[in-house]
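In what follows, chain A forms one complex with chain B and a second complex with chain C.
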Partner chain A sequence: MIKNRFQYLAPTSVEEAANLLAASPGDTEVIGGGTWVVVEMTAGDRDPRRVIDLKNAGLRYIREEKGAVVIGARATYTDVVRSAAAAKLPALVAMAAGVTGGGQLRNRATLGGSACYGNPSSDVPGLLVGLGATLTVRSAGGTRSIAAADFFTGPLRTALQTGELLESMTIPVPAGMKQGYYKFKLAESSWPICTGTALVGADGSATVTIGAANCRPVTVTGSASDLDGLARAAEAAITSPFSDTLADGEYRKQIAGAIAKRAVKAAV
Partner chain B sequence: MSDTIHIELTINGAAKSADIDPRLLLVEAIRDTFGYKGTHIGCLTGDCGACTIELNGEIEKSCLVLAASADGGEIRTIEGIAPDDGGLHPVQQAFWDEYGFQCGYCLPGMLFAALDLIESNPTPDEAQIRHAISGNYCRCTGYNNIVTSIQTAAQRMAAAK
Partner chain C sequence: MSVASPYPKAVPEANRYIGQRSRKLKGDQFLTGKTEYVNDLELLGTVHMSVLRSPHPHARIRNVDLSRVRQDPRCISALDGEEAKQHADPIPHFISAAVFGGKYNDVRVIATGKVTYRGQIVAAVVAPSRGDADALLDLIDVDYEVLPFVLDGDEALEPGAPLLYDTEGWEDNVVIRIPFVEGDFDAAAAGADHTLEDTFYHHRYSTQPIETRGYIASWDPRAEAYTLHFATQNPHPLRWVLSAALRVSEAQIRIIAPTIGGGFGLKMPGHPEEGLTCVFSRILGKPVKWIEERDEALLLGAREHFHRFKVAFNADGKIVGLRNHFTANVGSISACPGWGMAFLAGLSFPTGYKIPATDVVVTAVTTNKAPWQAARGYGKEGPQIVMERIIDLVAEATGIDPAEVRRRNFINKDEFPYKTNSGLNIDSGDYHQALETALKLLDYDGFKAKQAAALAEGRHIGFGIAFELTPESADIPGTIVGGYDTSTVKMDPSGKVTLLTGVTTPGSGNDGGIAQIVADTLGVDLDGITVIQGDTDICPYGFGNYSGRSMVSGGNAALLAARDIRVKLSKVAAFMLEAAEDDLVFDQGKISVAGTDKAVAIKDVANVIYTLAFATAHMVEPPLEATRVYKPDNIVHFPDEKGRIQPYPTYSNAVHVAIVEVDTETGKVDLQRFGVLHDCGNMINPMFVEGQMHGAAVMGFGAALSEECKYNADGSLAADRFKTYMMQRANEIPMVEVEHQVTPSPFTLLGVKGAGEAGVGGAAGAIINAVNDAIRPTGARLRRTPASPIHVLAALKEAQ
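Entry: the complex of A and B
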């Protein structure tokens, strides 16, 4: 059992959730799926006085809107894999299907939770940056939009400010471009060591975002017909390599080029 | 600070309710409040799968969920896999026949992952089976017999259709 007492709240709308958060943001934890925050509370690494569970807040949806796919913060990886709207984004679906921890994990863990967690060695940050997503965050005062490239500011850091929660992620469907997602890991059950999200235009222009290798995702552009050039650019873009128990940052930097090539080849 | 929360659940078809401490994990409620000890605790980090249950039709790791979050839910535990007639489910029978377990600690995760896989894919190949059980640790078998068990279960279930 979690050590210290807290009040459990399950608001029934996102506005109510934001108001509850505003009341006492410093000692409150938000639960999306809980696959990270509940573990940290059990281990005693987080010690909130209040917990806001978003399960009833109406944020579990995936829908198509004006040429984009809008993903509610509570949508799970499994929701993405099953969604007809998300099928327009094969890179997103490939990412969601490849998250480890088994079906048990994908059935509960949310994309929004992963985004707010902001762990560099995750799938979601690089994917959101790579597909040019915009995140909508809400506070008691209303909503604001943040480009994914600005949202992930460093290891376990995001542009979310005190009193803000994530409401949704909007990913434009890249018209006329092929998308690819490639994840490198060394064991079946491992979190990613390096990821590549590629967009390839009909003219061969390629944009690749490398995730999990740098403290924040990095994006490079080039040509699908010059993969070696793209690879060199990707490696050079890793200016603050990220190290954790899975892999050293220098190793991640060294493989970033190869992963960029594979992401372009994965684009279908 | 409110001390308890009232929750109502269905576990293996039986209606259950309790006033619980919000700090209680779902796995603790299932085991200690409601007495279904077949659901195991291995890690409390979401890695091992020994706490796997089915919640509202989806397999989940019950150490990652506050009991309060599951209020109103329909739960199936490992005790609810076998049919009422006292026999074994075909997946359990296959694990028995193929030596798919030794101590059995990992079985909640292995059996539910197998059931989940065969439901969506009645003829899984080895790679698909290994991917499906990748959220579970087994410290006894070395996994090969588990893969064989799931292959056997799928074949028998397909043949019985």
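Entry: the complex of A and C
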């Protein structure tokens, strides 16, 4: 039960949302689908005085723009699965379709919300880093862009500054490269424990980003013809393994190599 | 399937309900969301309770300061432990360990003096809404003296371990130590060809009905009586518990259990919130409501045994001796019946195997984890898993096929009733045939070749077998756990039947099953029967729902009551039809004379009995109401010459088979196929039996693979929601392939045995054995549950 009363705001533009946020950023939560913040409010772990819901802010879009796919912060996983533009990014679609929790969750939860939450044990951070995404964030003063690799700064930490909210994510379509996504979970109910996002070039060069295993996603490069080498590199790259209730970092590190290989296999 | 005819002249087979897959009573209401659960009820003037739980696993309560919360306008009432003591006495233990020579500790609706687990209630508030009540908890100031704590059962037994209780008799943390010793194990081991020793850890997990607990207590000051709308499995026993704690007579308490959204043991009595809502309601004269949150439901645990065993066996695979001294970490002491599962775990060894010398000792130890609560299987599931591991270890050591080792050690079908070493008297069965049928279900004979072919490709698949013996329908002497029950059958002047029974349904469909028995006995339509359960002012005295008892006790009691009604109908119908009673056939709402077209409607006979009591119906005593009790045979509470008792009337059995593939890079287990041969004697409704088996098997999958009450090192519960307490989901489980074998119980009227508990331990045991079969080529061995990727990979790494 949400124990304390709060003000609910549903601004009709991203500018208005940013201005509302600027008015009192310290006690305000911004929600996309609300599938994490509301759950934490119910559990008493968050206790905001104001909640800004982006549902009317015009951020529910996915479009192609100059060789890239731009995803609004309010686009849901279902939106991604159904989007013609997103189809250019099979790794993204595979990730979105593989989000469990059922149709209700996919219809409500947003990639943007997951990015802002920054839980290492989730799909979105590793995928955005792996596909070289850029995140556009907005404050009352305007917008700025942050590379995904710089956005996820640690467990539940991002480069979002006080008074900033996520507006969109821009993912370049990797020309001439095959994409693969592989997710490992303990069970259907589980959060992702280790994910792999792979880009494989025509020459066999492979880039794999391991998500969920490290405090920040890590990227390794190698050759699709030397999977064992890639696996060793992936495991070695896990220098600050992430632990939570479901799995400790040691386990995640142990399977990172296998997951790297599977991501490459998913791509080729 | 043939069912022994339970009535003088059977309803023609084609028209019988018994044995049919009749649909669930009021099933359409469940499917369309019209069913009302306790949280749907809104009584006028209801206020809401929330409880403050200890943030420390072990601490002395120096002071509880309610002054800030009481100044808040939202606060209607607030209590700390010392204040609650003025209103309520300790909660009687549902099954007290002291009855069996163990230790006791007072448990109150709010803790006083000390808290012994994180989550124990230290104060409570009432507010106009639940949200307000939750917010008010932040205004309660508790001063604790934090004490050292212990979470591990073995550590709690060590000298110098923190002592949980400083009351009299608690010189250590042992709640009770119970030996089940028969024969001379050391001599058997000395004479055997081989011995092996190993360990097995059966982890802590629980049951999680989708509907959590919920209570609405209403004290009526004018009537000086409570009306309690409680999501409980056991209304009458709970009335006894509450009357003692609340200092009122049982007649001052009416408990009405609405539809229950799953029980599985969680909703058995003894919870402090039951009495606490009553205390507030009496203070305020208003209905007080409390609905359990999921993180509260997840506090209560079950299992967590550490088994250390030694097995003596011969080269032919015959086991001649078993020693198993195991600990059961029962958490903190509560008034709920949880700890009793440790007792029954010991009692259940060595399940369905003939082992001459057994030395089984269970030590129940209290720790600073939250208490146990009853959980489907009620302690019997642990022995299934461990015994089946033992059988496979013997097979591995002797090189004999695991199925064959089972054949060589099973009780034979001509040896029933069979008295086990712990004193159980197993009613009937054909375990050998059950095994053969189960093995065919998943093509055991063809599996070896598939396994070899898979291994050649680097894939590890395994086949697991688990026999399961499920003692059911318990009566535990000296406790309010009864093995008998009561049913009332009434036929009104319009010929409609009302069935009231002390058995309650947690959603399993036993109301429909019992109605099927009554419909057949009276020859009436099933749709014309109204079933009423769960109301202590209306229903006859009964023990409610646990231990697979509904058909055995309530069903047979309803049969007896319906027979009494039938006798009256028969006498009057014979008079009306001018026929001999022996020639009457009851069927489809009519009583007819066999071989003629003479017939009378049952409703007309009923009407005659009510309206012509001094004429046509002069020979019977109106009205058409009968209340009968059924006490099943085979329960023996006078101890035998060895001091053993026999608390179960029936013993259903099953053989579970599972095929898994283990991903050796990640440790992940993929359950690919699962089958079970189940024998619970005669079945009233096979669909309900299968439904129960499906549910229990999936609980077993969760036990074997993913469900785990994980704790943090600071004593807090780490798995406090369904994202971290991982129940199995529909898209990761295979079809549960069920087949039946029918070996009627010779000890119950209808030949039925208990159904509903079987499945948890058997399914888990089959999976654990399958995992071990799959990883055997790597040299690894999994010595614990669950077979989660983390534990399986650890076992694989250890073998490298």
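Note that in this section the second predicted complex is superposed on the first by the 266 of 268 C-alpha atoms of A that agree within 3 Å, B and C clash if a C-alpha of one lies under 4 Å from a C-alpha of the other, contacts with A are read in each partner's own complex, and residues count from 1 in each chain.
As a convention for this text, contacts are C-beta pairs under 8 Å (C-beta built on N, C-alpha and C of every residue); 3 or more make two chains touch, one makes a residue touch a chain.
Note that this is a predicted model, so its numbers are computed, not measured.
Undergrad: Just checking: does A:Ala247 make contact with chain B only, chain C only, both, or neither of them? Give me first, second, both or neither.
TA: Touch status of A:Ala247: second partner only.
Undergrad: What is the contact status of A:Thr239 with respect to chain B (first) and chain C (second): first, second, both, or neither?
TA: Neither chain B nor chain C is touched by A:Thr239.
Undergrad: Output check: A:Val51 vs chain B and chain C. Expected answer is one of first, second, both, neither. What do you get?
TA: In the superposition, A:Val51 touches chain B alone.
Undergrad: Once the shared chain is lined up, is A:Ile2 touching chain B (first), chain C (second), both, or neither of them?
TA: Both partners.
Undergrad: Touching A:Ala258, do we find chain B (first), chain C (second), both, or neither?
TA: second
Undergrad: Once the shared chain is lined up, is A:Ser189 touching chain B (first), chain C (second), both, or neither of them?
TA: Touch partners of A:Ser189: chain B and chain C.
Undergrad: Between chain B and chain C, point out the one touching more chain A residues.
TA: The partner that reaches more residues of chain A in the superposed model: B.
Undergrad: So which bits of chain A does chain B touch that chain C touches too?
TA: 1-4, 43, 100, 188-189
Undergrad: With touch defined as at the start, can you tell me which chain A residues reach chain C in the complex?
TA: That would be residues 1-4, 43-44, 100, 184, 186-191, 193, 245-248, 251, 254-255, 258-259 of chain A.
Undergrad: Report the residues of chain C in contact with chain A in the complex, numbered from low to high.
TA: Going by the criterion above, the answer is residues 130-132, 134-135, 137-138, 293, 295, 665-668, 705-706, 710, 712, 718-719, 721-724, 726-729, 731-732, 788-790, 793, 797.
Undergrad: Provide the residue numbers of chain B that touch chain A in the complex, in ascending order.
TA: 1-3, 5, 21-25, 28, 44-47, 49, 52, 58-61, 63-66, 68-69, 109, 112-113, 116-117, 130-136
Undergrad: Touching chain B in the complex: which residues of chain A?
TA: The touching residues are 1-8, 10, 31, 33-35, 38-39, 42-43, 49, 51, 53, 55, 78, 100-105, 107-108, 188-189.
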